[in-house]
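Consider the two complexes below, in which chain A is the common component and chain B and chain C are the respective partners.
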Partner chain A sequence: MASHAHAAEHEQGHSHYPADMWVFPQSEKVAPDLVGRTVAAAPRFKMWMLIAGVLAVVGIIGFIARAATDGFDEYGPWGYYMAVFSYLFMITGAAPLVGLAFRFTKSHWRRPLSRVSELFGLLGVVNVLLFIPLLFVLPPLANPQVDHGELAVRRTLWIAGPWGAPQLWDLLGVVALAVMGLVILWLSAVPDLAGAKLAATGWRRKLYTMLACRWCGAKRQWHIQKAGLALLGGFYFMTLIFVQFLIATDYGMSLVPGWKDSIFPPLYTVISFQSSLATILIIMFILRRWGGYQEYIGVSLFWSASKILLGLTLLWTYHLWAFFITFWYGRMPVEQNILKYFLFESYGAVFAANVVFSFLLPFVSILLWNRFRKTDWGPALAGCFILVGTLAFNIRIFVGSFNAGDVYALALERVPPPVYPDLWDIFIVVGCIGLAAFVYLAAMRVFPVLSIWEVKEGALYQRMERFMKGRYLVLAKPE
Partner chain B sequence: MAKRPLLGLFDSADRAADAGDALKKAGIAETDYDFLTDAPYPEGAFGERAEHHRLYIYPMIGAVLGLTSGVMLTSMTQMAFPMVQGGKPILALPPMAVICYEGTMLGAILFTIFGILFESRLPAGKLGLYDTRITQGFIGVLVHCEDAEHGKVSGILSSAGAVEVKWENARAATA
Partner chain C sequence: MQEGRALTPTEINRDLLRSVLEPPKWFWPVVVILTLWVLVGVTVSGIMINRGLGVTGLNRPVAWGFMITNFVFWIGISHAGVMLSAILRLAKAEWRRPATRAAEVLTIFSLMTALTMPIMHVGRPWRVLYWVFPYDFARGIWPSVRSPLVWDPSAILTYLTSSTLFVLIALVPDLAVLRDHTTGVAHRIYSVLSLGWQGNARQWKFQVIAGVLLSALILPVFVSVHSIVSWDFGMAASVKSWHSTIFAPYFVIGAVHSGVSAVVFVMILLRSMFGWQEYIRKEHIDALGRLLIVVATGWFYFLCMEIIFGLYGREADEVAVRTMQFMEYPWNVLMIIFAGITYFLPVALWLPRSFRRNLWIMSLACISVNVGMWLERYLIIVPGLARKQVFTFTWQTYMPSITELLLILSTFGLVSLLLLLFSRVFPLVPLYDIKEGEFLRAKVQVGRSTVPATIRED
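Then we have the complex of A and B:
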């Protein structure tokens, strides 16, 4: 018997990788299976939606209470609101780019994560809504009452003060990202919706019929779809880094007197890329482990993406070091005060948490080791650490910036004390995260969570074949 | 005489590709037939003609318009309300670049979205001749030909292995 099995293995060849490293979904079963899963939600899924919805209501209560007690005239009390907005914007703003970037580089392992990434496009609308109150709290560029030693116009990007600056231009950027995110999601999902409308009933059928726009799958349509996704992907990237630059300067640096730093906006962007990939890996892990998508999501996805996450984690460290060393060598009083404020004194504990969760824990304990990278849980666990670290980053930077004192002063002449959250701040932070989770979960009930056409396309190009004594993944690369 | 569509349905991509070859041999112009699929097949997989589009022109036009708007807005604002900040020139390029970049991006994005809708003809007025089995993996070969050729084309599609040939008025021939 044993020799028989050995002979069979010899005949078929063997693989050095676990059986679930690569998966090969059956093309004809993909559409009905994935549409069926979208339509029928498990009770556990509904429970999570309910929890997220309750948290969102808590956030609304916190927001109303904050507005009622402090109004919008002072920006200091809105520090935690800004921190959680930035946290969500970092993650959800960059998340659609994950799918687009790997599609751009023609990485075949990305196919199951494309839609998970593009669904974040819907959260662009949440970002716009959350951003609107921040337009009102931002202090004016011109000093309304110039005292001795103060600047007449505070230092920002907008020295020439073009019309509407900075609020209008910041808002336009956030809106542009939201619009692009929605169009990218629609353009990517339209072939799936054209098929899904046949299996759907009720409001879903109406919605799918409307969104499918009578797509028929002609060669020209596929051609335009791919070109359109590539173009919009490029523009999304170019707009995202620009808007992140605006947010980092207008709501961060420009509110701290004397903070001039060319490293901070790139650091902001790197953290955004790191945390968005981390979030997507966590979602992929949940879908694989508990969502019943094992046959669509292989371990190879986690293995490949974790190498990118490793690189981004190292980039985070490099940028942080570059930020620190410039100020440390500069040795000017304002630079020392900024370091003390954000890194070592006022927000020292939060900074320590930031370093531990954004770098030490994910890098040293997981991402450094190929053995852990080659699992589904390893990169997802690293992702959980990174999300905690990113929250710590946003709290220390934006709560700090919003409470750094006189915004029209020449320099940060003393180290301000830290600001701890009150009850409404906690409500706001928890609630905004809950709101984002609720919208994402709702999106998963509307759109198939995996891109059906991409999974089918992948099935055309990949199979395991024997080569000499082993079995290997054979991948067609027609482009 | 106006051409009317005819749809051959295939359960195999290879047979659909054979149908394409047969249509070509029979003298049907390549612009008169198309392949309808539920997933994108590689370019030339069916031996079809290369598709050309003008999508790349749209963002370029949008970008030029957006950049022009940005330059005009910033320069005209600064000329109308000249403010010297820290000894910098009235028309300082770095702050102008911020608005110009954003204007360029917004123009390019809007025109790209418009271009996608226009070039892919979405939303379409009507779906045209179609079969829902295409969404389940069947391949549709959609041929536009004159009424007199319907019999010949239908025969070609059936010979290539079509499981069904459909044309408007809901008439169908099943293989």
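Then we have the complex of A and C:
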């Protein structure tokens, strides 16, 4: 029996671990292996990059066609463009926070996903590019021609606001997020790049040497790096919440006459966190199943992250319910019309899809059950559902808001009809998602997709020790 | 979470059962003082029942005042139990251990106290029967089940029942220890209460499963209770500043903010009163302080949303309420005090690590939060009603009477008294949880450093 038990264990450093227990791989092997994987891309990877690139081109065609057909004077035709921008902004804006937040709470299981989440910082640049056209379509705050029963200044956050409001300030917010996302990625990757430059050649070596900035792993450098990440994480979080509040209000609520809904910005933020975690879990699953990272990404990561996903899913539903019950119970005509417009009549089918994919399917079929959450595919499948639900959310909110009628009216007095996508809208939606995927895949060719120093640190902080009659994993938690 | 020396099970039993087996000298004098304090409240309530609500400052249109404010406040305090016990248990936060029992018990006593408030507010307490029975049997006018005022007692009683069950389940192993340390009548009572607990593997398994299941099941109840309390206000479309979609999460996070602050203060008191320095350590208070920074900031975000979207609509009647809150004396002064003592002062005090480890400063910050949160409810209720536009024939403000003031103050005495009496019969820090924490303590050598560690099964 003793020999069987010994055979069922695998050796790691100085400790022996049970065969079914996932632990961080031996720290000495991590760096060369992960750097090697970054430098050499599989043909399948290149094929996916090509597909994403083609989709991005389709998107550009759709954008040019939309601009040529409708111009930028009317904001209505840009509803689907706004929806897909918001969809990407939700996911990519909140994604870097996933790694930062779990690093802040010192969760060991987060180590393999830190870099996957921080790589989204690069997509901040895509967000800025996609956002620029939207600056031109937003209607002016002051009513150019006040008719009877209309507001002289439409309902907005920017009453007597600073110069350039809202476009300039919204743009500054999106740019600030992009810059901070890039700095966070760089700061987190510096130790890995310093190691990788020794193994790399050609342009990679030059780039890594430049980005590594004389990193030699001195204690002081580590202190600065960790303090910088904590500080930037705090700033990034606060800026993200603020920018999401601006986008949700300026491009959503304020375009619908009479829509006054204080829970909408938090609702937007919660679904953004939910969908970004969902996206990261899908990427982790792909890396584990098809990317050859099984040794680095254990099932325990999915098990732990899925609890957070479950919490976020319930939180989103709770916020949605709080919104619905207050409007429904209030029985005020304008609120009833808003419910009919976004929830029951015009966008009823999209709302149903939103609820089914953002809540019912992931919650009832997967996240509620331990045995599914303890797999790698369960949380990833729930993540796929959530991404569909989030797209439905953005379509019903932003296509709805962009086509709600007279923005200077006092209230939504009739329920407008839904707007269906045309060919260019479909091109734009698919293309923007393709562009984001292309940039992310390209980033994976430059930066190691797993945070080498964090995985190595994780390996140092674990030991297998005897406790009473059994052997258990001991995890260190430095203060 | 490994400051202080390692403790043996014998030491833990001796120290934590001290409040039950060898009550300190100050215990009975303090109980007498608190009882007298509560009796003042009982007397005032008797006068109010005898004379009617005319002895209060309530009027038209301000029909809800101090008593409803106090009701919401105590419901808020009750949210500490689940936050610290259920959520942190599910999250496997090691530093939760000494705080759980006090938080759970505070939940029960604050819920019980909160329930007395609407009963007194009715003026004729027996009229609470109309919540369940027809308003008039002959005419068969039943209470509206669609009213949040009917949802309220249902949610609160469910929360009270489940919280009591939660405490009882967690108490069983400790009751068995008490059974083994007592004789006579006390031994017999603890024997019955400990339900034949022997501490075998099967019993532990059931106890752990029950704890985890109850933690998960109690969470929706926890959220629903304060959401429903918020909808007492939010569903009233006629009071403009109340009809806000954010009220439910805003109230819930506010409740957690005040509840956890209250627990921190109670823990600091317990530490000094019963000499539990080895158990309620500064690192625990420090961790709770860090948690409070996050909770307070989340709450502040919701507060900002509530205010911004109150003004966003630019509706004349809502702007009138907000003008009153922010511009008119004394509401503007109260509003500044409220924002200062509920967020800016405590968060500033919680930010430096040295302050989080200073028990005086932490006490000040936590009391400050609770005074502020009480004020918050008052600032929501009274200005909204005072400037209620539709169907209002007069604008009138509200001045609480001495009767209400004494009644409100006595509720603080009541909760303190109940907590103290509980500590005389049951341990206020869970013995088995502390012992488990001690067993799971470990250390890992990383290079030249020794790093604190925990034994994990997964």
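One rule holds in what follows: the second predicted complex is superposed on the first by the 457 of 479 C-alpha atoms of A that agree within 3 Å, B and C clash if a C-alpha of one lies under 4 Å from a C-alpha of the other, contacts with A are read in each partner's own complex, and residues count from 1 in each chain.
Throughout what follows, a residue touches a chain if its C-beta (ideal position, glycine included) is under 8 Å from a C-beta of that chain, and two chains touch if they have at least 3 such contacts.
Only a predicted model underlies this, so the values are computations on that prediction, with no experimental measurement involved.
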Task = Considering only the touch criterion stated at the top, classify A:Arg214 as touching first (chain B), second (chain C), both, or neither.
result = first
Message = Looking at A:Trp203 after the superposition, I want to know if it touches chain B, chain C, both of them or none. Which is it: first, second, both, neither?
response = neither
Ask   = Given the touch rule stated above, what does A:Leu157 touch, chain B (first), chain C (second), both, or neither?
value = both
Ask   = Which of the two partners, first being chain B and second being chain C, lies in contact with A:Gly330: first, second, both, or neither?
value = second
First, second, both or neither for A:Leu460, with chain B first and chain C second = both
Touching partner for A:Leu473 - first (chain B), second (chain C), both, neither = second
Query = So, does A:Tyr420 touch the first partner chain B, the second partner chain C, both, or neither?
reply = neither
Task = Have a look and say if chain B or chain C is in touch with more residues of chain A.
result = B
Key: Shared chain A surface residues [contacts with chain B and with chain C]   = 157, 159, 460, 476, 478-479
Ask   = Which of the residues in chain A come into contact with chain C in the complex?
value = 155-157, 159, 241, 245, 260-266, 300, 303, 307, 318-319, 322-323, 325-327, 329-332, 460-463, 465, 467, 472-479
Query = Can you list the chain C residues touching chain A in their complex?
reply = 1, 90, 223, 227, 231, 234-235, 237, 243-249, 301-302, 305-306, 308-310, 312-314, 439, 442-444, 446-447, 449, 451-458
Query = Where on chain B is chain A touching in the complex?
reply = 34-43, 45, 48, 51, 53, 55-56, 59, 73-74, 77-78, 81, 83, 85-86, 88, 92, 95-96, 98-99, 101-102, 105-106, 108-109, 112-113, 115-116, 119-128, 130, 132, 134-137, 140, 142
Query = In their shared complex, at which residues does chain A touch chain B?
reply = 27-28, 31-32, 153, 157-163, 169, 172-173, 176, 179-180, 183, 187, 190-191, 194-195, 198, 213-228, 231-232, 235, 238-239, 242, 453-454, 456-457, 460, 476, 478-479
